[in-house]
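Have a look at these structures, which come just after this line.
Note that chain A is present in both complexes that follow, paired respectively with chain B and with chain C.
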Partner chain A sequence: MTLRPGTRVRTSSADPDHHTRLPRYLRGQVGEIVYAGREWPLPDDVARGVAAPRAEIVYTVRFAAAGLWGTGRHTVLADLWASYLEQADGEDGEDDEDDGPQEER
Partner chain B sequence: MSRVHDVGGQTGFGPVPEIPGSQDSPPFHADWEARVYALAGVLGRRGLFSGDELRDTIESLPPERYLSASYYERWLQALEILVARKGVA
Partner chain C sequence: MTPEPHHHDLPVAARVRRLEERVIAAGLASDGELDEALARFYARATPINGARLVARAWTDPRFRVRLLADGSAAAAELGFGPQVSGYQLRVVANSAQRHNVIVCTLCSCYPVALLGPSPSWYKSLAYRSRTVREPRAVLSEFGLVVPEAVDIAVWDSTAETRYLVLPVRPDGTDGLAEDELAALVTRDGLIGTARV
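Now for the complex of A and B:
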């Protein structure tokens, strides 16, 4: 499943005991998919020497600086691997698989 | 657990003095820095470690060593750890 631009996502709040590319200031934050990039090996796996590291889509995600730090009128862009993200509830985005076929309007 | 490098958004470290490799700044401040960079490149291309392993090793330096070291001093300390760990030292 590829998340479409505009999809609201929440980042993982986990604090892993290994290398990760999700910085601390982006844990548990809500942002918006800007761009779905290519698949790339997951650094969390590669750094640990996993024989077959997961390859995941890397998304460019936009966050409001004020939401991260309580101040600032700018936005922050971060490239984040798919497993760092989950779709935020109640927001527009990828259709649920159970919805069945949908027609263009 | 969060590591010492993960300081994005924290204040108190002062201004960033310069960006290495930018228009007004040389990529290296001393020959040994270029050698460390080249050594890391050669060992990485030979398959001794991945870029993520190098990052992981740098981030895992003891905080007091990490914070007292310059950028390429961290690279060098990580290389010393990696070549010993991989048995090629």
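Now for the complex of A and C:
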């Protein structure tokens, strides 16, 4: 299933003992999908030498700085593999006025 | 940003030298072959390439739309397809309302073929950690003051998705040809740490 732009997601809060591409500062944070990119092998699998690494869509997710740091008006956008994300419907998180990838590009 | 030690003094340089020694000792490649491969790659990797994409977008509105929709395909139109084939290229446009800046917090991902070798500050812990947290302060240290009314978007890249900023075309450049416009575009303008 492809998550659509505008979908609110929460990032994993796991602290894996292997390589991952979910930066620590984005763990357990709520953001919004702005773009669904290509599928790429999951780096967590690749780095562990998994024979058939999972291929997943890499999403661009937008986070409000105020949510990440408690301060700041900017936004941070990061490219995150699907398994780092779960839908966060109804949760409070980013408070953002503009909407969608068109605004973004 | 504070001045960095010279590249050869950085721990990463020692690590690269050690890796090269192992590769050579294992008979995988000779010193000369490594040098030649690097020279070949860097000979074609220059911010002039990124500047050509920008100048085309400034002069051809339909190319601009294609560039923002699919950077990889648009780069291929200008002959850069093979050089950007290992990742998805995305281009983000600055406007009167928004300023974009690129960082890679986990390492130093960057479209080298289009921007040339990345500056040492791009790989520094200070740039990588501070840009996502206080971009306005970091940009002001580069001499770029972004008005409070302008939103800042920080793009934290990965190896698989790399970014290039499409700067705002400077005022007073209406009469310039595409190659003259390309000459105005700087590497830092393509990263988002400067205006053009």
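In this section, the second predicted complex is superposed on the first by the 90 of 105 C-alpha atoms of A that agree within 3 Å, B and C clash if a C-alpha of one lies under 4 Å from a C-alpha of the other, contacts with A are read in each partner's own complex, and residues count from 1 in each chain.
Convention: contacts are C-beta pairs under 8 Å (C-beta built on N, C-alpha and C of every residue); 3 or more make two chains touch, one makes a residue touch a chain.
Bear in mind that the values here come from a model prediction, so they are computed numbers and not experimental data.
Should chain B and chain C be called a clash or a fit once both complexes are overlaid on chain A?
Pair status: clash.
What is the contact status of A:Trp40 with respect to chain B (first) and chain C (second): first, second, both, or neither?
second
Taking the superposition as given, does A:Thr75 touch the first partner, chain B, the second, chain C, both, or neither?
second
Please work out whether A:Ala64 is in contact with chain B alone, chain C alone, both, or neither, and reply first, second, both or neither.
In the superposed model, A:Ala64 contacts neither chain B nor chain C.
Between chain C and chain B, which one touches more residues of chain A when both complexes sit on the common chain A?
C
What is the contact status of A:Ala55 with respect to chain B (first) and chain C (second): first, second, both, or neither?
neither
Check the residue A:Tyr25 against both partner chains and state whether it touches chain B (first), chain C (second), both, or neither.
A:Tyr25 contacts both chain B and chain C.
Is A:Ala88 touching the first partner chain B, the second partner chain C, both, or neither of them?
In the superposition, A:Ala88 touches no partner, neither chain B nor chain C.
For chain C, which of the listed stretches 96-104, 114-122 or 168-176 runs into chain B?
The listed stretch with clashing C-alpha atoms is 114-122.
Of the residues on chain A, which ones does chain B touch that chain C also touches?
Looking at chain A, the two contact sets intersect at 23, 25, 68-69.
State the interface residues of chain A toward chain C in the complex, per the touch definition above.
21, 23, 25, 35, 37-38, 40, 58, 60, 65, 68-69, 72-79, 98, 104-105
Show me the residue ranges of chain B that touch chain A in the complex, using the header's touch definition.
On the chain B side, the touching residues are 1-2, 6, 8-9, 50, 52-53, 55-56, 59.
Once bound in the complex, which stretches of chain A touch chain B?
Contact set of chain A toward chain B: 15, 17-19, 23-25, 41, 43, 46-49, 68-69.
Within the complex, which stretch of chain C touches chain A?
Touching chain A: residues 68-69, 88, 90-93, 105-106, 132-136, 151-158, 160-161 of chain C.
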